[in-house]
Amino acid sequence: MIKFDKVTKTFGSDGQEVHAVKDVSLTINKGEIFGIIGFSGAGKSTLLRLVNLLERPTFGKIIVNEKEISTISQTELRKLRSRIGMIFQSFNLLSSRNVAGNIAYPLKLAKVPKDKRDERVEELLRFVGLEDKVNKYPEQLSGGQKQRVGIARALATSPDILICDEATSALDPETTEEILNLLKKVNKEYDITILLITHEMHVIRSICSRVAVMEDGKVIEQGNVYDIFSNPQSKTTRNFISSVLNDNLSPRLLDRLHREHSGNIYRLIFTGGVSSKPIISQIAKKYNLDFNIMYGSIHELQDQLYGNLIVELIGTDSIVKEAVNELREIVEVKEVLGSESRLDHVLA
Amino acid sequence: SSSAEGNDEKLVKLGVSSADGPVWDLLVEKAKSEGINLEIIELVDWQLPNDALVNGEIDINAFQHLAFLSQYNVQRDANLVPIGSSFVGPKGLYSEKYNEISEIPNGASVAISNDPANMGLDLSLLESAGLIELKDGVGIFGTTEDVTNNPKKLEINAMNAQQTPRALEDVALSAIYNSIAGRAGIDPNNVLYENDPLSIEGLPYVNVFAVRAEDVENETYKKVATLIQDPEIKEAYKKDTAGQGEVVDVSVKDLKQTLERLMNE
Amino acid sequence: MKVDWTTFWPKIVEALGETIIMVILTLLIASMIGIGIGLMFFVTREGNILENKTVFSILNILVNVIRPIPFIILLVAVSPLTRTLMGTTIGTMAAVFPMTIAASFAIARVVESNLVSIQPGVIEAAQAMGANPVQIIFTVLIPEALGPLILGLTFITVALIDFSAMAGTVGGGGLGAIAMSYGYQRFDTSVMVVTIVILIVLAQGAQYLGNYLSRFFLRR
Amino acid sequence: MIKFDKVTKTFGSDGQEVHAVKDVSLTINKGEIFGIIGFSGAGKSTLLRLVNLLERPTFGKIIVNEKEISTISQTELRKLRSRIGMIFQSFNLLSSRNVAGNIAYPLKLAKVPKDKRDERVEELLRFVGLEDKVNKYPEQLSGGQKQRVGIARALATSPDILICDEATSALDPETTEEILNLLKKVNKEYDITILLITHEMHVIRSICSRVAVMEDGKVIEQGNVYDIFSNPQSKTTRNFISSVLNDNLSPRLLDRLHREHSGNIYRLIFTGGVSSKPIISQIAKKYNLDFNIMYGSIHELQDQLYGNLIVELIGTDSIVKEAVNELREIVEVKEVLGSESRLDHVLA
Amino acid sequence: MKVDWTTFWPKIVEALGETIIMVILTLLIASMIGIGIGLMFFVTREGNILENKTVFSILNILVNVIRPIPFIILLVAVSPLTRTLMGTTIGTMAAVFPMTIAASFAIARVVESNLVSIQPGVIEAAQAMGANPVQIIFTVLIPEALGPLILGLTFITVALIDFSAMAGTVGGGGLGAIAMSYGYQRFDTSVMVVTIVILIVLAQGAQYLGNYLSRFFLRR
């Protein structure tokens, strides 16, 4: 468990102060995968670095595994840190050790005997797909390979808590998926608490149970991933989500659609379960309308389906109106007007 | 380690100034034929051999003249005594540019040694050559501070003793031991003025074998000190200094008296 | 009278041995002390893993009290200590002690300046893994800075080859002392040239080895 | 124009050789935005670094702006390089210069006078949203902020060619979109050729006109983005595309759908234009069937709509069969069976 | 026969001035030469921007030919050149020339070892922007390594304060020479202590300034 209690972190001194984290209170439960999203510079990395005291909080308390970490002794802190795996945004590999040496490093610190160490390193190497790079030095690796070494290193000692700062940013989609599956697996099997930062909303979507949105040092929104995705409160959150939900038509395309299609254009927003009813065809038949599905998507989100579609309703205005009214009883419907350049125009 | 006992088996450590190199090898040979195992310890620096002697790290040293020794004894409150004389040689004022002392122009620069004993000697050379005047009763350790009259406004540069021959090109006049001048390849005809090493004024500049006071009667050490008087060594030294230096035999009594006098100055 | 080379060569060979012993012995001991002090400098620096203004300042002053003292004077000043430790103040071994002091403090500074260029991120990574300061020193600081550190030690080695001449003036022997006493003081250029050529060869050898090792460890 | 002609790059020497780029031939036309995708370690960065000779090719020719670059003089090379902006995967900011100094650096090299330089720096700072960080040094910046400085620096001299190695990997979706819009803008307005590497398929989708797929040092597929997306040839490409197309149901969900829905499940694949016909509702009415749209998405791709939907057809088997046959005349239809875990099962 | 302090103080003050002039002059000239050679070492290194085995080897040998030579002998060896350049081989200024040679080559090595720890990525970035080697040297190499470079130069400065005592050999002045000839050679401890305390204060001052500047430029 990780608990931030009114935590503030300020860099620099008078005149030049940067308030990287402002009065953040947040609880990450044991065994959950918690995501943090937010604009570049919002304070995500700083927040993460507070967890293992790489940065000391200016104010506030941070409790990790029942202990207030800023008051514990150096020895206790080191012990705690050895139970926290960390993946750095900038990898921070030891340039003087090769791939195997980097992955073995935390095991060495933990005084794991050589044979066990070698075994574990081999296992991790296989996992991150770097068996053929075992003797290479960091500067001979590609960006993604470095990141994978960083991931393997963080997992080496099977920590209780894993904190990941953009752990998959340098990876291709397929490798990302593999890594995410691994994270899910270690989370499930060993009940590891994972706190991760990402810019990739699909990462949040596929592995996080809860998410916090940071803006300008503050946590502006937090909660269950499904709730946040299906009902974002702040503009920032909406924008982030729209990036992955593909519910955001370009103004040019929208204008073209309006020009080319005489019918009325509506956005149908499906949430939990609703989408698995044949509403569109039923309404079409009932009102003898035609639906033209133009854009949008329906996703899987925490085992539920969720999404929105932009459809053209072809029929006389009055029939369309009646049909829309009936649709409104089942799903959320918004008329799509002129140029809808951003989701926030629709949802605001 | 060292011993004060004069035992034939014993190793005798002799600290010398390395400048006199080859002569010492000969001395080792001579000592061997006398059954003395002599070890030569060459010291480039002039300050440490006396400390080493006082501390028993060497048994005899032979690198300094009486003037130097007296100064050490006084400053360090030590009691090192001479047990025999070794070399002596005249020191001269050399010039490459001028043929007469009188030709030395106003404001000319002069090179002298910067160690106390040699500086005193060099200044007294300049004084006897009539170039400067020193404070009355300055003794043999005069410094540039003791110059009371410098009519030619000579610029006096004090430097390492080994450096005065090398500076000859840059100065009007340089104080150099004739023996060294020979080694440095300086034309002996360039000497404009030289002292007489065996005069009363010269006696302080006779090099000596020195030992700790308690060893003054050690026969082995005494033997070593007399071995230098071997004709072969004398010849070798003459050759080494191009005839400018020689091994002298001054009685221990005279040496002691001179030291006494110097220490009281 | 110039030296007689037929009899002089053995002397040179002996002196070469003395020089090598002086340099290697000094380097070994001074490296240990110097790297130790240099690491202390670095870790107690502001913002570093064992930040400690007091220790840093004391070390800083200590090192700078010793370093500006002319070597011969240092040699005299520490001679009572030398006598206690080495049993004598003259000879090759006696020269090693003051040389070690001087070299240690020089190495400390070189080490310090090489350590500051380590990327702070890797130190952080080790900290985040729970490494203690000693582990950080031996598993991060030294290996990460090894390339420049070796160049720094090579620099000191060559300086020691030069320096050993000064130590030789107190009877320590070695090629430098021969160059000084038979060459410089006796105006014998041939001795100077021969001994110095050997010194240069030694220095070149040390440098090649240093360059090779540093390149090997630099991985760049 | 950038042309790779049978280019090979091998690192290391005998025994330890790594063939990072193998016999690659590729032409990037003047004024186009060309994307490169591929697994981590596929050789993308190496290929990019060959363009400005940061790596020398082991074999083959590279022609940039009509010149074979490996034969030109150092002076010419420098001149050429000054016309090529580069965004590095690891940023490579000068740690001794602050944000303004880093951005001004290429302008200084180009001897732009101080006042103009300041003006341009201000403009770029505003653009990348770092006005308040102007005096900060790289180590005081967050990952994304560093990346933005790198972007601003690459754009500073208005180069003819821009090569971007993961230029938006550390950026949040909104900032990414802004940067992509800027790239599009500079590409249009100044006819700048852009060669970019990305792991984010939506980056390819939103700004590239052509794309090459690399695997194990080789270019295994290249072409128009629309063609590649709608008709990928290799497994790698398909996997990559599926990551962004959301056309890939998790086996668990699929099983659930099969369990909960008695009807037949089909995947309808829409390509260019087809999607803007009300086919679903027309078929529904014609055959008196019900369609239940369960999953999938329709995207905008180079001003065309493209996507696929997984639908349940509810009706008697024979009617469903007839309806599917009619649908097949308009769109591609595939039956979704048991566990469809990967797009490749469908398309293979 | 000990010195008379009433008349000796002005001498010390004068010597202090000479030391400062010698050290600063040597440092200025030697820094320029040494940084130049150090940069050449670095850029002509294998895999670097002006990789050139020949130049690197020549420099490497040249520097290592000079560095191991005992200073006094170097002083004699270069005296014809000293005479040509400075007009004389005696006095404070004449000492500056050989000191500068020795310091330059030491600085070259220090600079080299500090430059190797620059991240190659930033050099690449400058190259990618079309910077020529001279621009890379002045806008990347020097600024990026400035922190450790300043520590390195501070190291040399303190060494020069020690070294300036050598000027006494050729009749030069300075505190070190006074410590040697009035203190050491005359066995006058008070002179030694006073002059060395002043030397130490000078060294501490130089070190504080160096530490401050390096911290300022290190941005860490």
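When the chains are written out, they are named A, B, C, D and E in that same order, and each has its own residue count from 1.
The rule is simple: a contact is a pair of C-beta atoms (placed from the backbone, for glycine too) under 8 Å apart; a residue touches a chain by one contact, two chains touch by 3 or more.
Quick caveat: nothing in here was measured; it's all calculated off a predicted structure.
Trainee: Applying the touch definition from the top, give me the chains sitting in contact with each of subunit A and subunit C.
Mentor: Where subunit A and subunit C might share a partner, there is none at all.
Trainee: Suppose each chain is reduced to the average of its Cα coordinates; what separation in Å results between subunit D and subunit E?
Mentor: The separation of the two C-alpha centroids amounts to 54 Å.
Trainee: Give, as an integer number of Å, the spacing between the C-alpha centres of subunit B and subunit A.
Mentor: Subunit A and subunit B have C-alpha centres separated by 89 Å.
Trainee: Could you work out how far the Cα centre of subunit B sits from that of subunit E, in whole Å?
Mentor: 36
Trainee: Whole-Å distance, subunit A centre to subunit D centre, using C-alpha means?
Mentor: One centre to the other, that is 20 Å.
Trainee: Give me the residues of subunit D that touch two or more other chains.
Mentor: 90, 139, in rising order.
Trainee: Which residue numbers or ranges of subunit B touch two or more of the other chains?
Mentor: 47
Trainee: Which subunit C residues sit where two or more other chains touch them?
Mentor: Those would be 72, 76, 119-120, 180, 184, 220.
Trainee: All pairs of touching chains, please: list them by chain label.
Mentor: Listed by label, chains in contact pair as A-C, A-D, B-C, B-E, C-E, D-E.
Trainee: Taking the complex as given, what residues does subunit A use to touch subunit C?
Mentor: Against subunit C, the touching part of subunit A is residues 52, 54, 78-84, 86, 88, 90, 92-97, 105-106, 108-110, 137, 139, 157.
Trainee: What does subunit A use to touch subunit D in their complex?
Mentor: Against subunit D, subunit A makes touches at 11-12, 18, 37-42, 44-46, 89-90, 140-145, 147-148, 165-166, 169-177, 199-202, 236, 239-240, 243-244, 246, 249-250, 252-253, 256-257, 260-261, 275-278, 280-282, 284-285, 288-300, 303, 305, 307, 309, 312, 314.
Trainee: What does subunit C use to touch subunit E in their complex?
Mentor: 46-47, 60-61, 64-65, 67-73, 76, 106, 109-110, 112-114, 116-120, 145, 147-148, 151-152, 154-155, 158-159, 161-162, 165-166, 176, 179-180, 183-184, 192, 196, 199-200, 202-204, 207, 211, 214-215, 218, 220
Trainee: Spell out the residues on subunit C that touch subunit A in their complex, using ranges where they run on.
Mentor: Against subunit A, subunit C makes touches at 119, 121-122, 124-132, 135, 139-140, 143-144, 146, 217, 219-220.
Trainee: Considering the complex alone, what residue numbers of subunit B touch subunit C?
Mentor: Touching subunit C: residues 1, 15, 17-19, 21-22, 25, 41-45, 47-48, 51-52, 55, 57-58, 162, 165, 180, 183-185, 236, 239-240 of subunit B.
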